[in-house]
Structure formats: C-alpha cells, structure tokens
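Look for subunit A in each of the two complexes below; its partner is subunit B in the first and subunit C in the second.
Here is the complex of A and B:
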C-alpha cells in the first residue's frame, strides 16, 4: 500500500481560549480529492490554512510527501511550498491590487525557479490557455478582470509550480453558479491530466458531490464523519451530516447541469 | 477620472500650484537669472524696494541684491523641505513596515523608540543635532528628518498591520516569497498612500524648521536662506523692515502652497472614495 500524499494527525488550534480545531486527522492519496465540509465556523478554513502553514498549529503533525511540514520553517518550508499550493475564496483580495496577470503568474515561476527565464513568459501564456483564458490578457491588471476570470488566474497561479496538492479554500463559493460549473470541470480535467490532489473546502454538498472522492464533515472543530462522498450523502451518520444533506438538494440540481 | 485630474479639479490644488510653481521655476532658474555670487555687494546699502530698476527689491545693509538672495534662498528652502520630507517618509515607511510585519518583538522595540522620538519637540531635536554635528545642508536635512519620521512610521505600521492579514499576502507566502520581499514589495507599496498624505505637512514644517535654524545662525553658512535673510534684517527692523518682511512673505507663500497642495490631495482622495 502506498503512503498517502498528505497525512494530517491530531491537528489542533485554539484562538483566545476557543478551540477552533480539535484533533483533526485525515489522509489524502495522490490524485484524490478530499472535501472538508461543514457549517461556517466549523474550522475547515483553519485546517486548510494550517495545512498550508499559514496558521501555526498548536499541536499535531502534517506529513506531506513523507515529511512533517510542522518541522520546517524558513527556506526549507518555502521550498516545500512548491508542491502544495492554494486557491483562496475572495478573488478580489487574493491578488495584490497592483498585480497584472503576468506578474501574478510569473511570481511562482520566479520564486521556485521553474524553467529558464526566457521561457517563463511563454509558460504564463500557456497557463492562461490551460485555464481557458486568452493569452492576450497577459498585460492586463488583475482587477480589470471579472470574478470568474480572476479565479481562473488564481487556479493558473496555483498550477504554475506544478504542485502535487492544491488546497481550494471555498474557491468556487464566491463565483456565479454557471461559472462554478465551468471551474469544477476545469479542476476535474486538470486532475485527470496531471494527477493533482485537491483538499476541497466547501460548505455546500452540491459542489462536493461533483468533485470529491471522499468527504470529511467538520463540526465545532472536530471531524464528525469521514468516508466516500456518495456514502456520506446517501446516508449521513451524524446530525450535522444530515443537516448539510438536507440543505443541499437544490444545489445538487445546479451541479448536475451539463 | 484619473487621480491627477481629480487632484487638479480641486481649488486648493490649483491655488497651491499657482503659488508653488513660480517658486520652483525661480529656484531652478536661480543660476541663470542671477549668475554669480548672490552675496556679492552690488549697490549702496539699504536701498529700499522699487527705487532702482536693476535692484527691484532693493539691497540689504551690506548692499547685496535682495531679489537675488530671495531667489537663491528659494533653492535652499525647497531643497531642504523636499529632502527632509523624503528622508522622513523613507525612514518612517521602513520602520513602520518592519514594526508592522516583523512580529511582536520588533513591533514593541521600534514603537517604543518611535514614541521616545515623538516626546522630543522636532525643533529642539533639530537644534541639538545641528549644534553638535555642525551646520551643513546635509546635517540640517537629517536633523529635520530626525524629528519628522515618527508620524509616517506610525501611519505605515497601522496600514501594514491591516494589509498583512489580506489574502494576497498569504498568497505571496504560498508562492514562496521571502518575508522581506513580502514586506517591501507586496505590503509597503499598498501602505504608502496614507503615508504620503503626510508629506505636505512634513515639507511645510521642514521649511519652517530650516528657516528657524537659519534665523538662529544654525543654517548652512555657505548658502543663502530665507531664515538667514530674516535674521539679517532683524538688526535694522525699524529702519528697513522690508529686509525681514520680503523673505517672510516668501516663507508664508511656500508653506501655504505646500499646505494647499496637501489639502487638494486629501480632497481628491475623498472624492475618489465617493466615486468608488
């Protein structure tokens, strides 16, 4: 049996005496999508940010590609970030207000020293095409783009370093339903082509059903239940799971649109 | 509407520019308009203004051309004002950024130092510094900047504390940027607008402090300054008050112009927000 790509053990975090995440453990295999679902304040985004080491965990281990990320800092951590990228929810605030499409996509290529310098501009155009955007957007300011276009650039930025894992923190929650379906299809295509794993944070099971192989439902910072997405949706074992499923039928319909 | 057009559409900005631009042009053209030494004796002493066409603002008590001194003095006042403000803004922005981004220890240490500087009046600090180091143009600029950097530092820190929580800063960490690169390339440029808003106040106060230092004989002795001219006229204040009044008016015009430009910039920013 091969080792999981990401293995989180007993992750815990408190903010000012409030337990936000409490002994969360899960595994994620290469090429797999694990969804973290839950209501607002259940701790799913905190887990995502701890996995990225954007928030320091109080306790626990984050084994990624066989190494405990919590033991790394400084340049060692920066080097490992090449393989684990993130797409944020808010397409407005996840880009520097002064950024252009080119500068946003060149950043990971430059910092991780991917490809010889003269080829990087070409790679940016290729990335834009790969996420369904025109290479003509190269010099445009990020904030001239629509929300859907910005989120495609965010996905392109995450892809630029050719990561093994992308953490999608409510990445599709803030875009229109029609664009959301296009982006879900894009993510599925990328996974099929490149074998990328996704840690998919979302609060609605409609999207989760369309993309996630397995789902963990968080409640008050703890994993209430975890298992194959179809099983969780068909027969949720916990009250919070039942609540989320009950809230979802309308969204299943949207996600099932061709 | 572009930022420049919004700025120029305010009455304050137009009035400020109408006053400051002639001063800047005169300062830049000083070596052309009045070649040679402005301290040279060119006529009889204490010639009142408008008596002789070659010396329209008259002469001082040594027979030196007041207009030539005024124009050369504009160079010093504007140069010191701008250089001191630029130095104060740079020092303040860097210290504020490190305090806001560098963690709790750096923040505590730098903010206590900032507060220590703020407790000493800027003019006294400049006076003490120039007295110890000696009056040169560079020491006067640095002395003024020494008392002016805490305000931009505090504003920069407050902005950085707010910006560092934004997702694009987290995104910069995710794409492997180093802390210094994040602080000075991602955060600082976005923290600058409110810091730059202080520039007009700093320039205006720098011009006044320079004039006050010169008045006390602590300006660069090799340069003509408006403060020095006022001090020079003090000894003949009753008989030739124009010697103090003319550079005094120039000082008021320069400070008022810079202040009005600052007001215009603030109005333009407010109107941008209301459009947004």
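Here is the complex of A and C:
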C-alpha cells in the first residue's frame, strides 16, 4: 500500500481559550478529493489554513510527501509550499486588484523558478487555455474580469507551480450556479490528467457530492464522521451529519409548516 | 386573488444608457410567495429596490408600480419590510437589540403599535426575547442577527416582505431555519413574500410562484413544478440542470469515462 500524500495526526488549535480544532486526523491519497464539511465555526477553514501553515498548529503532525511540515520553517517551508497551493472564496482579496492576469500567473513561476525565464510567458498562456480562458486576457487587469473568470485565474495560479495538493477553501461557494458546474468539471479534469489531490472545504453538500470521494464532517473542532461521500449523504451516522443532509435545498421540497 | 402589487414595463437605468432592468412585468397577489431567481447582474435586486423605493436618486425609472390597485407607491417600512443579505449592515453596532427595535416601532407605528419588542423577538423564533433584547449585534451569531433583521422588517406590520439574498451568507442549517421562519411568518400574517435568491432549489422550497431573471429581463414565471419540470427558456433549463442534487448520478461518476 502506498503512503498517503497528506496525513494529518491529532491536529489542534485554540484561539483565546476556545478549541477551534481538537485532535483532527485524516489521510488524503494522491489523486483523491477529501471534503471538509461543517457549519461556520466548525474548524474546517482552520484545518485548511494549518495544512497550508498559514496558521501555526498548537499540536499535531502534518505529514506531506513523507515529511512532517510542522518541523519546517523559512526557506525549507517555502520550498515545500510549491507542492501545496490554495484557492480562496474571495478572489477580490486574494489578488492585487491592479495586477494583470500575466503578473498574477508569472508570480508563482518566478517565485518557484519554474521553467527557464524566456518560456514563462508562454506557460502563462498555456495555463490560461488550460483553465478555459482566452490567452488574450494576458494583459488584462484582474479587476476587469468577472467573478467566474477571476476564480479560473486563481485556479491557474494554483496550477502554475505544479502542485500535488490544492486546498480549495469555499472556492466555488460565491460563484453563480451555472458557472459552478463548469468549474467543478474543470477541477475533475485536472485531477484526472495530473493526479492532483484536493482538500475541498465547503458547506454545500450538493457541491461536495459532485467532487469529493470522501467527506469528513467537522463539528466544534472535531471530526464527527468521515467516510465515502455517498455513504455519508445516504446514511449520516451523527446528528450534525443528519442535520446537514436534511438542510440541503432540494428542488420541489415544499417547506413543512411547523 | 387580489393583486397587492402590479408592476408594468418597469425599466431602470443607473447610468442613463444601459438598463439594469428592462420592461419588467410582475404581479404579486395578497398572501402570495414569489421566488425571484437570478444570478449576479440579472437585475433581481434592482427590481426589489425599485419596488421598495430604495433606488438611488440618480437612477432613471420608467413604467409603473401600482400598490393595492391604486396609483400610490408603497410606503417604506409599513407597506414593505426589507431584509438585506448582510444583517450586520442593517443593525447599529453600538445599540442594544431591544433599543433598536423599540426605536423602529416608535417611528413606524407611533402609539398605535400593537407590537412590543419581546413579542417581535418571539415571533422570529427567539425563545428568550429579553436576553436577546439586552445584547449588542456583535454578541449574536449570523443567523441570530438575520432573525433580528427580520424582526426589524416586521415591526411596521408590512403587507409585503422582501428578503433580498437574506439567507445567502448563512450555513445551510441556519438557512433552512430562516426559510422555515419566513414561510411560517407569511402564513401567520397573510403578508406576501418576495424571496430573492440565486438558488433555484431554495426558492422552490417555499415559493408559490418562481420568476427567473437574466440580464435585466424576466425570462419566465410559473409554479415551481412548471419551471422545474417544463422550463421553456433554455437558460432556465440550464439553471434547473445545474442544481447539484443529493440523489442521482454525480459529476464525479459521469466524469469517470477516460479522456480522449
């Protein structure tokens, strides 16, 4: 059996006496998608940010590609960051609004020294095409793009460093439904082609079901249940799991009058 | 059914040239719950703001809005209650909840108000209204703040409640609770509801009629069953198809075929 790409053990974090994350453990295989579901405040985004080392864990291990990431800092950590990228919900604040599409995508190529310099502009055009954008957007400002286009640029930027893992933190939650389907299909295509793993943070079970092989439901900083997404949705074992499944909007589910 | 609100050929432009809303026709009957669905830029909020008289003064408006079969426009607060997406933006951060509601009651209803603060808070589902009344907005969760915002909108006992993406920023469990609350409140008071959302499935859970908008135009209107089972417009059909259900084949499964 091959070792998992990412293996998190007993991860813990408190903020001002409140346990935001309490002994969270899970594995993620290469080419697999694990969803972290839960309400706001359940700790799902804090777990994601600790995996990215944007937040320092109080305790626990984050084994990634065979090394404990919590032991690294500075340049050693930066070198490993190339293999883990993140896409956020709010593209307005994750990009410099005055930056052009080209500079946003050249940035990771330059930072991680990917490809010889003269080839990088060509690579940017290739990345744009790969995420379904016209290479003609090269010189556009990020703020001129629509929300859906900006999220595609964010995915292209995450791909630029050729990562093994992309952490998607509510990355599709704010885009319109018709665009959301296209982005989910794009993510699935990229995974099939490049074997990328996704840690997919969302509260919408419909979206999670469309993309995640397995799901962990977080509640008050702990994993309430974890398993294949289909089984969790078909037969949730915990109260929070049952509440989440019951609350997912269904077409034609006329509201019960209490 | 008696029409409460009749909108005819309503056109709104913010910049004087491109219409954000183009010749919209819409009737809302007394007691009816209308789900207004559209993605960003569809004009759904412009329509709602126009009904509520909340458009900026510089907006150019043509067409007509008839209220209760007269040529009067609805009065803010007493005829129409408006709930916005961001409850924090509608509440004064340095005023206790009870004081804010008392002020709204005083301004809108004067001495004739039959409602008081604890009763309003109880109506929106707080089992302990006195405790909530003593709190400041920052001491409440997002869902609690939205319940308070609904209480504010109800203070004038409006005939029409407009909920403009009122549940979009909330978790699904909290969202389902707010939808149940809106459903119960409109049933209890007989008021009409204009529920604005980008989420077709959510609107279909409580609306008597769905109205789908795109690019400033109303494309299609009908009962949830008509819209979902027999959409006429291709865009409406694509919206129905883009619903990510908890049943049936998933994207993950249908994508399994090998790439060419």
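Keep in mind that, in the parts below, the second predicted complex is superposed on the first by the 249 of 258 C-alpha atoms of A that agree within 3 Å, B and C clash if a C-alpha of one lies under 4 Å from a C-alpha of the other, contacts with A are read in each partner's own complex, and residues count from 1 in each chain.
Simple rule for what comes next: a residue touches a chain if its C-beta (ideal position, glycine included) is under 8 Å from a C-beta of that chain, and two chains touch if they have at least 3 such contacts.
None of these values were measured; they are calculated from a predicted model.
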**Prompt:** Looking at the overlay, what does A:46 touch: subunit B (first), subunit C (second), both, or neither?
**Reply:** neither
**Request:** State whether A:157 touches subunit B only (first), subunit C only (second), both chains, or neither.
**Result:** first
**Request:** Answer with first, second, both or neither: which of subunit B and subunit C does A:181 touch in the superposed model?
**Result:** second
**Prompt:** Where does A:54 make contact in the superposed view: on subunit B (first), on subunit C (second), on both, or on neither?
**Reply:** first
**Asked** Looking at the overlay, what does A:96 touch: subunit B (first), subunit C (second), both, or neither?
**Response** first
**Message:** After the superposition on A, what does A:81 contact: first (subunit B), second (subunit C), both or neither?
**Reply:** first
**Asked** If you stack the two complexes on chain A, which partner ends up touching A:205: first (subunit B), second (subunit C), both, or neither?
**Response** second
**Prompt:** Among the partners subunit B and subunit C, which is in contact with a greater number of residues of subunit A?
**Reply:** C
**Asked** Counting only touches as set out at the top, which of subunit B and subunit C does A:197 meet: first, second, both, neither?
**Response** neither
**Request:** Report, in rising order, the residues of subunit A that make contact with subunit B in one complex and with subunit C in the other.
**Result:** none
**subunit A to subunit C touching residues, read off their complex** = 39-40, 147, 176-178, 180-181, 184-185, 188-189, 192-193, 203-207, 209-213, 230, 233, 243-258
**Prompt:** Residues of subunit C touching subunit A in their complex?
**Reply:** 39-40, 142, 171-176, 179-180, 183-184, 187, 198-202, 204-206, 224-225, 228, 238-240, 242-246, 250-252, 255, 259
**Asked** Can you list the residues on subunit B that touch subunit A in the complex?
**Response** 166-168, 170-178, 186, 189-190
**Interfacial residue positions of subunit A with respect to subunit B in the complex** = 49, 52, 54, 78-79, 81-82, 85-86, 88-90, 93-99, 107-108, 111-112, 157, 160-161
